[in-house]
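Some notes on the structure that comes next.
In order of appearance the chains are A, B, C and D, and numbering begins at 1 in each one.
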Amino acid sequence: MSEDLAMGCKVWLVPDGYLPSCEPGDLVSHESICVLNTGTEKAHCKLDVFFEDRDPLLDIPFQVEAQRTCHLRLDRPDMLGGIELPRDVPYATRVMSDVPVVVQSSRLDVTQPNLALFTTMAFPCP
Amino acid sequence: MSEDLAMGCKVWLVPDGYLPSCEPGDLVSHESICVLNTGTEKAHCKLDVFFEDRDPLLDIPFQVEAQRTCHLRLDRPDMLGGIELPRDVPYATRVMSDVPVVVQSSRLDVTQPNLALFTTMAFPCP
Amino acid sequence: MSEDLAMGCKVWLVPDGYLPSCEPGDLVSHESICVLNTGTEKAHCKLDVFFEDRDPLLDIPFQVEAQRTCHLRLDRPDMLGGIELPRDVPYATRVMSDVPVVVQSSRLDVTQPNLALFTTMAFPCP
Amino acid sequence: MSEDLAMGCKVWLVPDGYLPSCEPGDLVSHESICVLNTGTEKAHCKLDVFFEDRDPLLDIPFQVEAQRTCHLRLDRPDMLGGIELPRDVPYATRVMSDVPVVVQSSRLDVTQPNLALFTTMAFPCP
């Protein structure tokens, strides 16, 4: 099938990453890296995580099927090849894909009794 | 009239879509796809919705009059040609227009007693 | 002085505008159009407001001095040449400047007892 | 080492800056300028702060090591060369780096008992 339905870029960056401490409750503070693959080929992606004071974690693999979205939960080791990201530590992320995709980053914070949300499109690197 | 007042792009993408479960109360959790048509021609738009594990819903039609905005509520089937999007399911959206428009995506979450908001400009595809 | 310190664009668009109903309290729900003028010339700006079902309000003037920022409160008629924008009505905005500036749009919502915030960079039109 | 791993731009702008008044509690209202340096050279950065009614504060230095992120807290004079930004005053910021970086701006507001968050990618200046 043609690949020309794939929209977006192959590299995306998010400087503000943070997983607040886990509180008991129905909701869990987390971040999601949301990837949209509008194309007809599966996207083979890699996630890099950069820190303030240690070497980055590179090449964590994940996939997004053709014409599908994937909301990658950064607090779930089962979605990150077993890697558990530290909480209460500033980090930044990069997504690299073999086909064009679009990436958005969101955080749900339930540090206090009521949730807070934020989101931004990631920064595309042509 | 001239069409050269139309600003923006014809294709826009939003990877992070989600309708939280509906709670009783004055406010209803929802997302809005906000479209601005600054031009002098009516914009004929189509909304596509992509999921993690099923085929996309394609070509849901809506219109934005010339020099008007439309804040399309994704929780209201009457604005989506009768289609009811599922709650508690990650999705992503794409808007395609026949004239240039600008698209922004926002969410109001009232899962907990106090509302949370987020917004981002959609990603334009030239 | 040289004008080449001016950074950004001359036209910016924000599809999601909304002033929630005013509640009594210390804080007032509002939106701000935040403009940064890094240049050495005063920026003469005009604000346009688009609605869903009526003609736009065009050419509301405001200024941003050289090397200054202006956080324009959309709920304050004294900053909009006496114009009072309606509450509980979806709208969209456009800023046009005679020199390059950068524009960001933010909302503070105190509909419920605890405030919610959102922000996004406006969409630049080259 | 090669410098071609550095992604992003050298100048970034954020029109909406604000430090809400400080309340007693575990959390402190603040803004963070989050910088990601994916390259192999240290980034030497300067922060400029613009106001509505006074001259800007220019050239506040900070650094981001190679392949590291820095989440610069704008409420902490120890991270700003001793400079204490005023609270309850609108401002805007600019980051200039000698190598390409990516910049995101976020605010945590605890004016009221429950926190609110917002974020946006800064605007890049090519």
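Here, a residue touches a chain if its C-beta (ideal position, glycine included) is under 8 Å from a C-beta of that chain, and two chains touch if they have at least 3 such contacts.
Here the structure is a predicted model, which means the values were calculated and not measured.
The pairing of subunit A with subunit D is characterised as different-residue: of all residue numbers used at this interface, under half are used by both copies. Put simply, subunit B has to spin 90° for its C-alpha atoms to lie on subunit C, with the angle rounded to a multiple of 5. For this pair, subunit A with subunit B, the centres built from the Cα atoms lie 22 Å apart. Taking each chain's centre as the mean of its C-alpha atoms, subunit B lies 31 Å from subunit D. Of all residues in subunit B, those touching 2 or more other chains are 113-114, 116-121, listed in ascending order.
Chain contact summary for the complex, subunit D toward subunit A: residues 7-8, 27, 32, 34-36, 38, 67-71, 102-104, 106, 113-121, 124. The residues of subunit C lying in touch with subunit B in their complex are 11, 13-18, 50-53, 55-56, 90-92, 94, 107, 109, 111-114, 116-123, 125.
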